[in-house]
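The structure's right below; bear with me while I get my questions together.
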Amino acid sequence: MKIAVLTAGGDCPGLNAVIRGIVLKGDRIYDHEFVGVRDGFRGLVEDDLVPLPRQRVRGLSKVGGTILGTSRVSPMTNGGTDRVKEVMDKHDIEALIAIGGEGTLTVARMFHDAGINVVGVPKTIDNDLSATDRTFGFDTAVSVATESIDRLRTTGEAHSRCMVVEVMGRNVGWIALHAGIASGAHAILIPEVPVTPSQLFGWVRHAMDRGRAPVVVVAEGFTFAGEEGAVASDRTDGFGRQLLGGIGERVTRMIEEATGVETRNTTLGHLQRGGVPSSYDRVLATRFGTAAVDAVSDRMWGTMVALHGIDIVNVRLRDATSALKVVPRDQWDEAAILFG
Amino acid sequence: MKIAVLTAGGDCPGLNAVIRGIVLKGDRIYDHEFVGVRDGFRGLVEDDLVPLPRQRVRGLSKVGGTILGTSRVSPMTNGGTDRVKEVMDKHDIEALIAIGGEGTLTVARMFHDAGINVVGVPKTIDNDLSATDRTFGFDTAVSVATESIDRLRTTGEAHSRCMVVEVMGRNVGWIALHAGIASGAHAILIPEVPVTPSQLFGWVRHAMDRGRAPVVVVAEGFTFAGEEGAVASDRTDGFGRQLLGGIGERVTRMIEEATGVETRNTTLGHLQRGGVPSSYDRVLATRFGTAAVDAVSDRMWGTMVALHGIDIVNVRLRDATSALKVVPRDQWDEAAILFG
Amino acid sequence: MKIAVLTAGGDCPGLNAVIRGIVLKGDRIYDHEFVGVRDGFRGLVEDDLVPLPRQRVRGLSKVGGTILGTSRVSPMTNGGTDRVKEVMDKHDIEALIAIGGEGTLTVARMFHDAGINVVGVPKTIDNDLSATDRTFGFDTAVSVATESIDRLRTTGEAHSRCMVVEVMGRNVGWIALHAGIASGAHAILIPEVPVTPSQLFGWVRHAMDRGRAPVVVVAEGFTFAGEEGAVASDRTDGFGRQLLGGIGERVTRMIEEATGVETRNTTLGHLQRGGVPSSYDRVLATRFGTAAVDAVSDRMWGTMVALHGIDIVNVRLRDATSALKVVPRDQWDEAAILFG
Amino acid sequence: MKIAVLTAGGDCPGLNAVIRGIVLKGDRIYDHEFVGVRDGFRGLVEDDLVPLPRQRVRGLSKVGGTILGTSRVSPMTNGGTDRVKEVMDKHDIEALIAIGGEGTLTVARMFHDAGINVVGVPKTIDNDLSATDRTFGFDTAVSVATESIDRLRTTGEAHSRCMVVEVMGRNVGWIALHAGIASGAHAILIPEVPVTPSQLFGWVRHAMDRGRAPVVVVAEGFTFAGEEGAVASDRTDGFGRQLLGGIGERVTRMIEEATGVETRNTTLGHLQRGGVPSSYDRVLATRFGTAAVDAVSDRMWGTMVALHGIDIVNVRLRDATSALKVVPRDQWDEAAILFG
């Protein structure tokens, strides 16, 4: 079978390990042939494909980024499924493996509805897909954030400062929650849990009172209780990039003004999505890759691979993209017990 | 409630995070009082206890080792449950949280049968407990092994050598399997899967033929097909320590003799169990700790905490210690597809 | 002899290793007694001292921050040398070891001129002191910056983006230069070397043309050719903190507008000064510490320790604080050859 | 000019950064053409050369190993300088850049004496060349050893064990000295300094008495006072590989028997020479590379590049290979003050 592989959306540590898993197992066990699609769906509608032989994926399990490139181009507004079928037919491509987040998997579902043979691999650094226990990239992001907070804590203590760290998480706070627990933060602010400024100031003061340098972890999508979440969108430019300081900067200024404690912000940003994947992510991504090629070989169209407990399973794309996996209130409460 | 906490058996990254989770939640939510038992069960039978106030666990989530110390002393041959009850009664200790591996949890079950109030926390760096999806320490061990293999690969390639890496795993091969997948090993040798020397030489030659420097990951408990597993025990001294080279050394010599390829062994040993825990292990260990103190507060005696999917649950010690979680043959087969 | 030790100015990885070196050698070889001054010169004028026995410095070689705390308080406007003498006399303190940067060492020189027994230890994460080949903290900062750029590069390549990284260096560009060379940057912007926007755009385009994702490293104190360096000062609040985006943000917007290449900024900030010191910095700091206590014992007042080649030497404070060590033009030219 | 580049002897982090520096500067500034010699001098006498264009060195500054391969083959017993001249003439190669340790540089000197145009780049992970303050690779090796000891310390403390770590250093103890200082070891055993078993046991007991888990760092070439250094050579096989346990194993057994303290050995071995180079080594290696191509362009035959203070200088090969840089007794004494 000739199979196309694409990676779409924001990049994520582990993408290359997925590609490697797909190609190695597909080549050895099933004798499939693979082509890579350049820059996500852009390559698919523009017919920009590259051969993807076994040799091309050598040593990729530990390489960050994606050798195929990625983009946020939507195929639905660039020719749609007809154009995709046309390109696939032209090259005798029988199936597509789409590696991406919620948007990509939703497109994949539309492809499936339109009769295109597609299998999905979930990719979200935010870990916000309800159909899988974990996604690759998340562990690396949490590791980078945790190591960074470990570093920031010591400089905070030397100067008796409050250190604010803004981490990824536009809609969900998993990275903030895990990095905050792992690093022993004194406050964790996430989109799912409304917190008032005075609650935050209380945690900061409480830590100061006991001689600690407060560490505040804030997800980029957090807003204070009573505020509209839309505030953040005012601060982006034409590229969707935040122009002025984000929530980390704002929290920093608020703490400083309210408590008088010298406070510093660090926005980790792209540090969390680049670089060598953690061993956890390499293993999960490799397993996702080999399972995805199994699913293709079994013609399980319209499904994606997922982690349930310690097993890799196949779930229907329809079910996978219906709900965001948010941080449950009780998990945040549990973390909050450790504040201070 | 006054609660004693002990850590027993080999140490493991995350033990201190468990202790911290127990004490912080126990202090804040339940108003429990804690004492630490020194050096595992030794401290329990010898009445060697230390206060464990909130301040003592400050900043511990990222600290390797265990502040309580650990040992392999068995209480059953040192006074048994009567002595343990005596010590607990003397100090008005109502319950015990025992953090340890299979041996420790088996002892905990005996304590429970004898009427001692006990809750267990599973600890095994080998990840070989069937009652929980994962245990803390395993992720750190796999990370250390993977980073080490990444390093060894480059020097192997510079010299066109075969690099053998002996990792932990006396009875099960989970660390070897995961580190081998993560690092793209050309052969993974684990206790669960019999392999003949000629199979191994074949993988080595296959990698060399394609211009690669072969990487062989071997679990310390591996033996070749047809050999008796007991061979390894001949090589230990009075402290249970291997006197001569282990399986890594042996595999190295065998490859060199059979293939003529210059081969080097590295035995990672204690590197895998020391040091700063990974963020994954810190989070899991913290969650285990807070869940254990919940279990004590709910008087769920004779149970231990466990990870099922993304939830922490309570399982009966009786069920938890009955079977070892071995690597299923199909998971190894899956990994073997990627060899070479 | 009774000796006071203080750390002043911004914190820096290795400060604790210096303190440990001072106390261990002073205790064992000279039988000195030590007191720690809290929060830099603040503790000296406010008489806020703590005992500094041998046990207090245990295990400190790898601990970031400073156990003594630090501040930017000047003693000269808070009582001056008379007050310092008063406090030292009150506690029978015969000598002071001052660990700090140019400002601190200048104060130390004034103390010396006023008859106070003082020895300095140079500390500058920016490596800008001309009297010593290297200072501790610099290597850790460059390591953190380099690892960060390694991570950012892969995400840049996945998205064909230009990645800008703002690193420390208000007056000198050593961190930018070394991290830029180590990570293979396509442009390095430092305060010492005037560069025009069109030169920068040329480097970015040149890298894009050859299929690379451009990496631009910019020191926080950089200004474009023809601009006044003072611009930066407009952007700080009452705490001396930059309110709006720094030079990294600005460079990012300029590149995006001029070249049309999607560009992202990451400001590393305090990440570079916190955390576990590199082995290089631990060794250098330890050597500085033991050499400083030798200098005190030899009553070499008014000197500081310094690295010359592979030797630790003593230089006069008067000579040490007279000139900033800037990046020589030819070293930048050399690095620029590698751009692209 | 057409220039050949080779790497010989044991590999070392930074070799690829040297190659990259040579080729990028040679291409851009001098318009030289480069060929790579495969596997050290083997490729030179066997005429096994590969083109080395600019594109081939892309992204190499952070890659461990050597893309050219390396070996310990001597050209002097495989055709000698006549054969080398023949191969160079055949391909119109005007000059050779030889990157290697003492043996390689000695060969380079012989080449120079025979009229071959050669420039050397010093490479020794052991840092044992007297003509240069530092060599690349050393910093990475010390970093790996230090991080490893940090890990081992925590497991030692958990079990109240003595941890022995065998590091590289056949003739000199620089790695052991620096890693031992950086990690706060309780004993450092190096070839240069004779120590009796009872001295060692005293340090171990002293640390135990004060409640510490002793850490002993031993260089592979260490022998006890009064022993012959030649002992070690009995333990190697036909490949020059140690067959039985090395000095680390032996020290471990001796400590255990003499003190009764449970003791464990870890031999770091090849971990120290593989993997991603530290930022320090990347910068130094890059500077060595660009300076080497300057030396070739200036026809400074028979010299090698070296670090003096913060400058790269050229020294004559004759002077560079005459004396080993050993650890001076007073530097070890200084470190020994910190034991315990």
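Here are a few things to note about the model shown:
Letters are used for the chains, namely A, B, C and D, taken in the order the chains are written, and counting of residues starts over at 1 for each.
As a convention for this text, contacts are C-beta pairs under 8 Å (C-beta built on N, C-alpha and C of every residue); 3 or more make two chains touch, one makes a residue touch a chain.
All values derive from a computational prediction rather than experimental measurement.
Shared contact partners of chain A and chain B are absent; no chain touches both. When each chain is reduced to the average of its Cα atoms, D sits farthest from chain A. Chain centres here are Cα means. That of chain B falls 41 Å from that of chain C.
With centres taken as mean Cα positions, chain D sits 29 Å from chain C. Per-chain CA centroids place chain B at a distance of 35 Å from chain D.
In chain D, the positions touching at least two other chains are 147, 150. Contacting chain pairs (ordered by label): A-B, A-C, B-D, C-D. Interface of chain A with chain B (complex): residues 20-21, 24-25, 28-29, 58-59, 61-62, 133-134, 139, 142-143, 145-147, 150, 178-179, 181-184, 278-280, 282-283, 286-287, 290, 308-310, 334, 337-338.
Within the complex formed with chain C, the chain A residues making contact are 7, 10-11, 15, 39, 63-66, 69-71, 144, 147-148, 150-160, 163, 239, 241, 244-245, 256, 262, 264, 266-271, 273-276.
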